[in-house]
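There are two complexes below, and they share chain A, which is joined by chain B in the first and by chain C in the second.
Presenting the complex of A and B:
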């Protein structure tokens, strides 16, 4: 319990630091952008008036506190290029990215766990070696190239799905999920290869341990040894990898949304960077970093719950 | 120190077949890069309106693109850009990261605490996201990408080297060196550092791998190498619009990236 509380404390502290960093980078360093909004022939009085109305004439730490309390109240700021509240701009894009990540994660877990166990069983045999090599090659393909290949082969040639199509979730939620599947697979495939290889290593390491030998010598067959004894130990390190992967799924979706023309957070981030729309950029960055921090700490806590000996 | 160096170079010998294949891929691609400085079959930027979308043939082994430019020449030029960017990124990341990691690992104390907390915070950002932070401040372009990715790569190298230095800090040979009055800097960089090289070598190969992936991803998004220069990622982004009529346009740079990454991953693999 003490460990869990400590972890939560560290998590909150990291989140606070991340928010400071984001504020520093996007609100303090680039200047206030007032001149850019008014154009070069604005009078100093106009500039001063806009600064005053936006609250930009206060010192940075005060502005940070205001920004942070506004965040907690749900006021995420106003987009410079759209002139609308950031929160309303992000809501539907968040839905796309979130479901994309969930689908990708679902594919990773469903495919890599059984496959990893299977590959470990065939380790050392020709089939196992071949799969192992194949996985390494898959890991070498950049996710966005997998996406392009999927568009080409399954979209344009075989016509299994319509490339670059998108259905609003409000129209048909099933249709929405269906058009996310190719993109989710493009994110998931290299990660599946990675988890399978990792799980294989973990299973092989456990297999050499004394308790497995004991179980075999007591007459247990392979299935019993695997499912009753070995897997619960071999899966523990895999949890960490899966947790860390969420960070990469989020980062990966930035590029993949571009490949499949999906209106998600990642594409909006790239567009906003192009427009130098810092209120939007900072919120998306903060949001993505926060997800990573929270998930990493949740994984650490989960780790501790699964195996209370681990406290490091 | 001698044993460390010997172990470092010895680690190349007697490697398995994967290492050799990986090294072969990399040497071949490096050779292509060197050749591309002096010679490409055509001028990579020269357009030819009469030769648009020529499929692969004798005159254009990889075909031509939407402007009639020779894709083989563009892949060679793009590979050169990708190599230079990846090399610079790893140089910045591994160089600065090793320096910071070695010093904080050796001295410890509050500076170590502060830098490692900072490190924890930075690792909360996936490296592409962190690089995007810098790109959004600096704008896009080749040098901006090198700077942004280079900085984004520092934390992981710092953490790795710090851990290794921490392990060796109390080793007997370090104690003996200290007793002989060797200066701290000399202990760190002459006595401890060579022992870290094998681990660092692996990390550098993985770093190259990630740098190529990140660079091609960012150039694909249009925030890396900008036209008329070509990088493998930006070529893929251009090619996507013509997937059905000219699939070779996307396949040539894509497969080149795969071989590059495969080379680095085979070389970094300790055992397969």
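Presenting the complex of A and C:
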């Protein structure tokens, strides 16, 4: 319990630091949300009036404190460029990005764990070597390129899915998930290659350990040794890698949403940065940071479940 | 029960066991002794069917008149853990760290029998008791890291017994344990073997254990059997030269007769010296607490004196020696080095003072940088501390030291990986002495080495000490070695020191 409270405390602190950082960056970069909204034709009086009404004339630290206290009251602020509450602007976009990340993570875990064990078992044999080489090549391909290839090959040539189509989750949740699958795969494939290579190395290292020999000495066959003894040990370092990957998946989604034309946070983030729309950008950043931090903590908890040596 | 005929084994093209034959009967403990590389472990693993991929074995391994070598892999597995079980050297790494102890002990039953879970539990508890594990119910749910070293090895033994096998192979089962634990575990194995009329193949490099423990002994060298007989035949009337040499290398434990020159003064004085470890904080805001590990010890070493330091593992021996060297973060007290009547405090962290006191570490395999040549390693302290020496002078000094420790000069261009364990430990000794240290601390300097090499290194340390008049703090857990090496012995227990006056008394 104390442990969990401490974790939550650290999480909140991280989010606070992220918000400060975003605010700091925004007060340094040139450009102005008001000008972006009103356009270049606006008279200085109009600009000044809008500034005044949005509270942008106050010094930066004061603005930050106002923004922060509003946030604690549950008010996420109002978009400068759209003039609408940020909360309602972001709600459906958050859903897209969140599910995209979950799907990508799901693919990474479901494909790379069995594949990693398989590759380790065939290490040194022609099949294992071929797959190993293939993975090395896949690892080097950026996700957006895989995305474009997928749109081309599976969407336009094979017509397995309709590129750039999007179904609102409120219409059909399954349809919505199906739309996300190609994008999730584009994020997942290079990561899968990485995790498989890592797991392969981990399994091969564990294979040399004494407890594996002990297991064989009890008459266990290879499958039993692998799945009952070795796997749990080999997964410990892989869990760390998976945790660190969460941030990369979120970052990857920004680019991939552009490629697949998905209305997620990432695309909105880029537009909003262009508009210098601080209220929107800061909340998106906080969302993303929160997802990364929460998942990282889940990974840490998973760590405790897998490795009994950590708790004591 | 077990008969091995003309067993050959090796890795890929290389043969390491060249046709050996041996047998073991029910209720008999058969020892195989030999130095590292003699093929004794490969022999054991061949019998157990646990050779690594790429290794092979030929010849007959008859177990109850079945040739195990001709069985399919599946048939072979039905013997492993059920008829033939194995105990390994290092119980911590041989147990799976993420599986509960009870489950690991139970596993052979799961694989080989169709017992119900309550029957399995009953059998597990009964072998745990037989292995001397108290309160077995409590241990079932624990993980290996929560057990002490001795308990872990007992758990391994319970695991090996759970299917009532008729052959037990023990590969150095006590090497990783403390002396007192060693005796207990050996007694336990002996009792079990005799009571259950099992056969036991006992692999060891420790001569005295084999002598006291086995019914029959095979001596192996370079993959061949040299000699066989009862322990008394081997140890009292060995026929072969190699066996004789092996036996003469065993530390005799005859106390050292000569004494330190009356005139020689004190070189190192340690006064009220304590070493602390930082305790883990109870919670974030609690103040940092220190735990006293070495408790205000006082002793001194005279010039030319060999001072022994003994004690069980965990008593603080190594912590004390590192503390004196200034390698611990939290210490209090005084450490004074006396050179020509001048007192020099060693506890300030200036590197110059380090040169008075040097250390020889236990494991020569890991304490030399594998990426540098021997010459580079040896000249490193000279580069740091003797800035006035030029490259040629350093080279001359390196060659001089190599000669002093009995190594040839051309080793200077080699890498540690190309040297044998004994050669590496010689390099470590040269390294400790190269910039003229007056006192060296040798922390278990021979426990990672084979007996014959052990003897050579001990002789070297003794000879260097007599010739150069250096002093030495000699840390060991082997009483026989300490007795024959040291003038005086300190005993450490729970971080406190007492001096032993009568060396004959030490057991």
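Structural remarks
Keep this in mind: the second predicted complex is superposed on the first by the 252 of 312 C-alpha atoms of A that agree within 3 Å, B and C clash if a C-alpha of one lies under 4 Å from a C-alpha of the other, contacts with A are read in each partner's own complex, and residues count from 1 in each chain.
The rule we apply is simple: contacts are C-beta pairs under 8 Å (C-beta built on N, C-alpha and C of every residue); 3 or more make two chains touch, one makes a residue touch a chain.
Just so you know, these numbers come straight off a predicted model, no measurement behind them.
Of the two partner chains placed by superposition, only chain B is touched by A:29; chain C is not.
By the document's definition of touching, of the two partners only chain B reaches A:251; chain C does not.
Using the contact criterion defined above for the overlaid structures, shared-chain residue A:241 touches neither chain B nor chain C, since it reaches no partner. Legend: residue contacts after superposition of the two complexes on their common chain; A:221 is shown touching chain C, with no touch to chain B.
More residues of chain A lie in contact with B than with the other chain of the pair chain B and chain C. Within the superposed three-chain model, A:42 lies out of touch with both chain B and chain C [touch as defined at top].
Residue overlap on chain A between its contacts with chain B in one complex and with chain C in the other: absent.
Touching chain A in their complex are the following residues of chain C: 48, 50, 74, 77-82, 85-86, 88, 90, 93-99, 107-108, 111-112, 143, 145-146, 156, 159, 283-284.
Chain contact summary for the complex, chain A toward chain B: residues 14, 17-18, 21, 25-26, 29-30, 132-133, 136-137, 139-145, 148-149, 151-152, 156-157, 247-248, 250-251, 254-255, 258-259, 269-270, 273-274, 276, 278, 281, 285, 288-289, 292-293, 296.
Listing the residues of chain A that touch chain C in their complex gives 2, 6, 209-211, 213-221, 224, 228-229, 232-233, 236, 306-309, 312. Every residue of chain B that touches chain A in the complex is listed here, in rising order: 117, 120-121, 124-129, 132-133, 135-137, 213, 216-217, 220-223, 236, 239-240, 243-244, 247, 250, 254, 257-258, 261-262, 265-266, 269, 272.
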